[in-house]
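The following block contains the structure, expressed as structure tokens.
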Amino acid sequence: MSFQNPVFIPGPTNMPESLRKAVDMPTLDHRSPLFGQILHPALDGVKKVLKSETAKIFIFPSTGTGGWETALTNTLSSGDKILAARNGMFSHRWIDMCQRHGLDVQVVETPWGAGLPADKYEEILKADTNHEIKVVLATHNETATGVRSDIGAVRKALDSAGHPAMLFVDGVSSIASMDFRMDEWGVDVAVTGSQKGFMLPAGLAIVGFSPKAMDALETATLPRTFFDVRDMGKGYANNAYPYTPAVGLLNGLNEACRMLLDEGLENVFARHHRIAEGVRQAVSAWGLELCAVSPDVQSDTVSAIRTPEGFNATDIVTHAANKYGVAFGVGLGEVAGKVFRIGHLGSLTDVMTLSGLATAEMVMVDLGLDIKLGSGVAAAQEYYRNNAV
Amino acid sequence: MSFQNPVFIPGPTNMPESLRKAVDMPTLDHRSPLFGQILHPALDGVKKVLKSETAKIFIFPSTGTGGWETALTNTLSSGDKILAARNGMFSHRWIDMCQRHGLDVQVVETPWGAGLPADKYEEILKADTNHEIKVVLATHNETATGVRSDIGAVRKALDSAGHPAMLFVDGVSSIASMDFRMDEWGVDVAVTGSQKGFMLPAGLAIVGFSPKAMDALETATLPRTFFDVRDMGKGYANNAYPYTPAVGLLNGLNEACRMLLDEGLENVFARHHRIAEGVRQAVSAWGLELCAVSPDVQSDTVSAIRTPEGFNATDIVTHAANKYGVAFGVGLGEVAGKVFRIGHLGSLTDVMTLSGLATAEMVMVDLGLDIKLGSGVAAAQEYYRNNAV
Amino acid sequence: MSFQNPVFIPGPTNMPESLRKAVDMPTLDHRSPLFGQILHPALDGVKKVLKSETAKIFIFPSTGTGGWETALTNTLSSGDKILAARNGMFSHRWIDMCQRHGLDVQVVETPWGAGLPADKYEEILKADTNHEIKVVLATHNETATGVRSDIGAVRKALDSAGHPAMLFVDGVSSIASMDFRMDEWGVDVAVTGSQKGFMLPAGLAIVGFSPKAMDALETATLPRTFFDVRDMGKGYANNAYPYTPAVGLLNGLNEACRMLLDEGLENVFARHHRIAEGVRQAVSAWGLELCAVSPDVQSDTVSAIRTPEGFNATDIVTHAANKYGVAFGVGLGEVAGKVFRIGHLGSLTDVMTLSGLATAEMVMVDLGLDIKLGSGVAAAQEYYRNNAV
Amino acid sequence: MSFQNPVFIPGPTNMPESLRKAVDMPTLDHRSPLFGQILHPALDGVKKVLKSETAKIFIFPSTGTGGWETALTNTLSSGDKILAARNGMFSHRWIDMCQRHGLDVQVVETPWGAGLPADKYEEILKADTNHEIKVVLATHNETATGVRSDIGAVRKALDSAGHPAMLFVDGVSSIASMDFRMDEWGVDVAVTGSQKGFMLPAGLAIVGFSPKAMDALETATLPRTFFDVRDMGKGYANNAYPYTPAVGLLNGLNEACRMLLDEGLENVFARHHRIAEGVRQAVSAWGLELCAVSPDVQSDTVSAIRTPEGFNATDIVTHAANKYGVAFGVGLGEVAGKVFRIGHLGSLTDVMTLSGLATAEMVMVDLGLDIKLGSGVAAAQEYYRNNAV
């Protein structure tokens, strides 16, 4: 009976039937023109999803973490200075990666639950009159805390400071689910993966490089081979890869882009917002709080929900899995045990979401929390029925 | 986004991943021993599911309706007398089929919502002192009204009357979901299909013939070729079919039997009962009534729910499909417009069921019925969390 | 390692990836408009494949044998007179079915290996001045002997005789692989299945009824319910079936028609001819004879190959399966043990065919026949390389 | 009609039905115990396939190239000395990767077509009395030239020299197809991928680390994060990954190991040898030569076939794809245009192989080479029929 309930983890998401079928393809010669007929539309599709006219897209058989490494190793040299804020587990890990590659990270510690401190960035950038900072890192959506930051504001901070640093954005859990504007926001490297907004299995690191980031390839001396975008780009011209590509996933990505663009990106974002808002209505009806400190930073792809003091939020996840066969996300790092997470991105409907909320209610009541069965569901129902398309 | 919500029609049911994969198989030579390795375990599995030691199982590329025709044409001759009760659309259709094949049916009109009238059967059988009645038809579960009848009581009626008529049971929407005891109840022909309790796509008529029914083959003169069980049985001995078998579906049936027997039939029945009871708790919380007139005839595979006078119940089904992408069943025949149906059989979980109930609530509120959002869900949640395995 | 070799049985055929995926679909409400979006294009597609403007198409969850029964029971009454020739196992079986349904068949015994005797038909029809013969049966392609008959000639026989009998054609192993012209040939009922030219799993009986055959529905009194085309037709108007349809197979059929029409029917026929001709070149290089008595009756979908006197041709099939995992067809009925069959219809390429020929050669040498390894392959290679598209 | 012919590239290979189904799975929570039930058996299975009792297995969402990088970055520091031979494109690329990561490679230039020069290695190692060489690289099977080297001999070279350098082996196109003995040969890091002997889609880098290689983790200072085996190993203990795993591929790997071990590794190797030998018989019958300079270095997974002077071997690959829809491999690097390659590893049968040989013959004749149609096929047939299991 497993596999019948939807998952409510913040990725990998539930997959549409058509994407599973696109991925599950027979072997095809990846050195033949047939492969080019998959690769190039996939690259074009990603570019449109990123809302970019000028980016070069590169796709590695890897994950978002490999995308982070691609961003760093192709553009930087040992000792280069980086500016980054730590407001959750994923921003923390990218910072850690920088340090392991010998980069010098100026970390702005930020409360877990808050967004990126654009004003603080501006201050630091203005003070960096020698322009030693080479890159500003920004995690668009902190999957650990359910916090979406304002990337446009980070761009403004750079511009106000007249600072030439590049802007690298982790959009793993935002791209293709929430509005992302690579060109308008002046993003130099955008990073994502296949298993979130693209609704595919994990296995692809997807990155977009701005012309400025492409220029940086020439001077960067961090060692790289697998993640070298020059080798990758050279191959694309000949419908080829520097090694064996994940053809099925690329075929799925091609189809995913078609699905997203057919629905219309703004409709996709509106759908994610509607579903997320229903979840938030339920959380509110339960008398619980989000980890996100204010409405303007609430994520439309994942909600991290604080449980009462003294209660181990991780028990919710374990109990839901064991008793009801439903997967939620645990709290990570600083908020481990304090929050549980409901992922609501990718291939999800209002109806599926209601089953997740109903399950969360049963679990919380089972575990002794003072929650009224049906209360969150009713709040979400009211929202969904009034806001259905 | 279609195909993501579960269906709540009373069959075809939601299909487990593993059964879809078992059905979707490459072409295999159906005249080779490989085919026998699929066919024979499938036949054995069905026999166990029917709780029979002595039945011969026959499987046609057809549907339950073809199973009805198989039962009649292999055992009867034009003008033969049949006893049957009409208490819903499916019993009606079987009666109609009898008449179209020139059989003489004595119909006991029975309220739609009531079970089969075993006492009335007994009375008629006792009066038939010449034993002209050759077959008693019994629809185990009336899919149209959500009514399960007591087949054991029908058997007792036959026995009390000392009547030698055969007992043919339509178990299409009961077998493999609710208790069915072919041998204990003295069922002579049991009929079902692939798309209900076996959780497969439609496409197989599955019948079990008792030794007595097998004897009747010799004297029956109704014309038959496609549905002739003698041809079918002859083939089986050589791992063959009289024509091309639906190999993939048979492979799926084999796997379905394995799944059901691994879970344990009593556990399967208990699961269906639990899920159904949650639905009934919700119906009660909504202040609505089932079509089934009393608890002892409530079906564990489908609930037909009466809506208030003056309300067109079919609107619920249309609205649910159009606005929420969820499929319920309409009322049929006498109860068209008066009931809507929630199918809750096959591959379903408590969690999936809650999403169906939540949808039904939104729909009914959208259409102006006086239902409190979350009320039915809460009642079901309370039941499910207290009765989870 | 099974399932890796193509099959060379005369149906079910090898299936294209895209059709397997079309068939393997999640459960959909077959009473919803979504179903109509599958059903109606499938019906239209079949009509085009039959080259008919006026036929009504009906599709049953059944097989070609069920299609035969549909043809007979919907148009005829007990005792009606039928004209048919027996020139192989499948024409024999249709005649047998007629007899089992109480029809009076005038059988023209015809050598197995010869085509239908249109001249003999004409003679008999001319002699039937009272027009007692209601239907002429014609097996377009005798799958047992690899013989294709001239249906146009049968039509001419009817016309020359000025006889009003209907013409029923079994096109199970011809339609969608070899030219079939329902309207031009004045076919009244055309019968086929899903598992041959349509390259799908078995499970659909597909029939086309001419206006004249539709008129016959009103007077026919043979009992029928499952195969009643009136019930079926009534449902179609409402996107519905009289019982549960095989939705996945219909979806596959829709896609199969699209594939065939996209390739172009004449190209499909040319492809079958090319592949068949390669096989015939090989047979000739082996020094063997076809069962088909002359080139004009050689089938493009299956070749029945005579083996030398005293040799049991069935051993080839058994040995090929056991030692090489390749499926060929055995001889049936009169030619059992005298021929083995290579099916070459449906989703097949020149390259796949060569592997079948190479296997047949190894098998024949293993079994002591005087065949030169590579000889048939070389003949087919020469043909294929000179006739590739 | 595409996807019907098998591919004859030296990986990704043709995939068995059951592995495709294992890979194509619904989303599962990769932080749940369910994931551990996939991961750990997969790790254990790989260990058995490597014939190791002591190796730690790590599996990255990447490819063999990522496996090379994993080997180097986890065990070495900038400036470390490496010994390697260049005898083909893949050994060349691994050397290039070393250099890009700042390692100091002593390259033994070796003819393309020859095996690794164990004697030369021994000489160099003996001369390295200070033990500056940290690692010896060895490409077990040069996919570019169809050359299998003797890893046992390389181990003996190290032992004879009494040299403590580690031995890293690229087994991408050998492991799970040809005999590989990690422990017996004292391999310190073994590298492979999912898309060759494991018969899966590309997308996994699979590495085994000996205890000695594990010790080297502590001192290695090459920067690494994505490919850090310490993070990876830490996660495994908790059924987890340092980032999102490719769950479906891991499930497929688990199933692939089960298939291989059920068949028996020695049987798998024998099967590859048999199929390869048939190909070599064909090459010989054609009067052509292998790139591999002597029988002892002929690969059982890929044959690189030299074409006559003045002929562009790449035309064979292009023509085969365009005219016959069959994929062969082109020559790479030094042997580009001089050889074409037939991959014969993974999920392949004698029968499928014959179709590849038949195609190659047609192509060569089409292109004017002096080849007799059927000649190579006949030679392979003779071999296969005499050596079938």
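The first chain written gets the first letter, and so on, giving A, B, C and D; residue counts start at 1 in each chain.
By definition in this document, a residue touches a chain if its C-beta (ideal position, glycine included) is under 8 Å from a C-beta of that chain, and two chains touch if they have at least 3 such contacts.
Note that this is a predicted model, so its numbers are computed, not measured.
Could you tell me which chain lies farthest from chain A when each chain's centre is the average position of its Cα atoms?
That would be chain C.
When I count C-beta pairs in contact, which pair ends up with more: A-D or A-C?
A-D
What is the distance, in whole Å, between the centres of chain A and chain B, each centre taken as the mean of its C-alpha atoms?
Averaging C-alpha atoms per chain gives centres 46 Å apart.
How many angstrom lie between the CA centroids of chain A and chain D, rounded to a whole number?
Spacing between the chain centres: roughly 34 Å.
So, what's the distance in Å between the C-alpha centres of chain C and chain A?
Here chain A and chain C have centroids separated by 54 Å.
Please output the residue numbers of chain B that touch at least 2 other chains, ranges allowed.
Residues 3, 14, 17, 25-26 of chain B touch two or more partner chains.
Which part of chain D faces chain C closely enough to touch in the complex?
1, 3-6, 14, 16-17, 323-326, 347-352, 354-355, 358-359, 361-362, 365-366, 372-375, 377-378, 381-382, 384-385, 388
Can you check the complex and tell me which residues of chain D touch chain B?
Answer in residue numbers: 17, 21, 25-26.
Contact residues on chain B for chain C in the complex?
2-3, 7, 9, 11-15, 20, 23-32, 34, 61-66, 68-69, 96-97, 100-102, 193, 195, 201-203, 222-228, 242-249, 321, 327, 329-330
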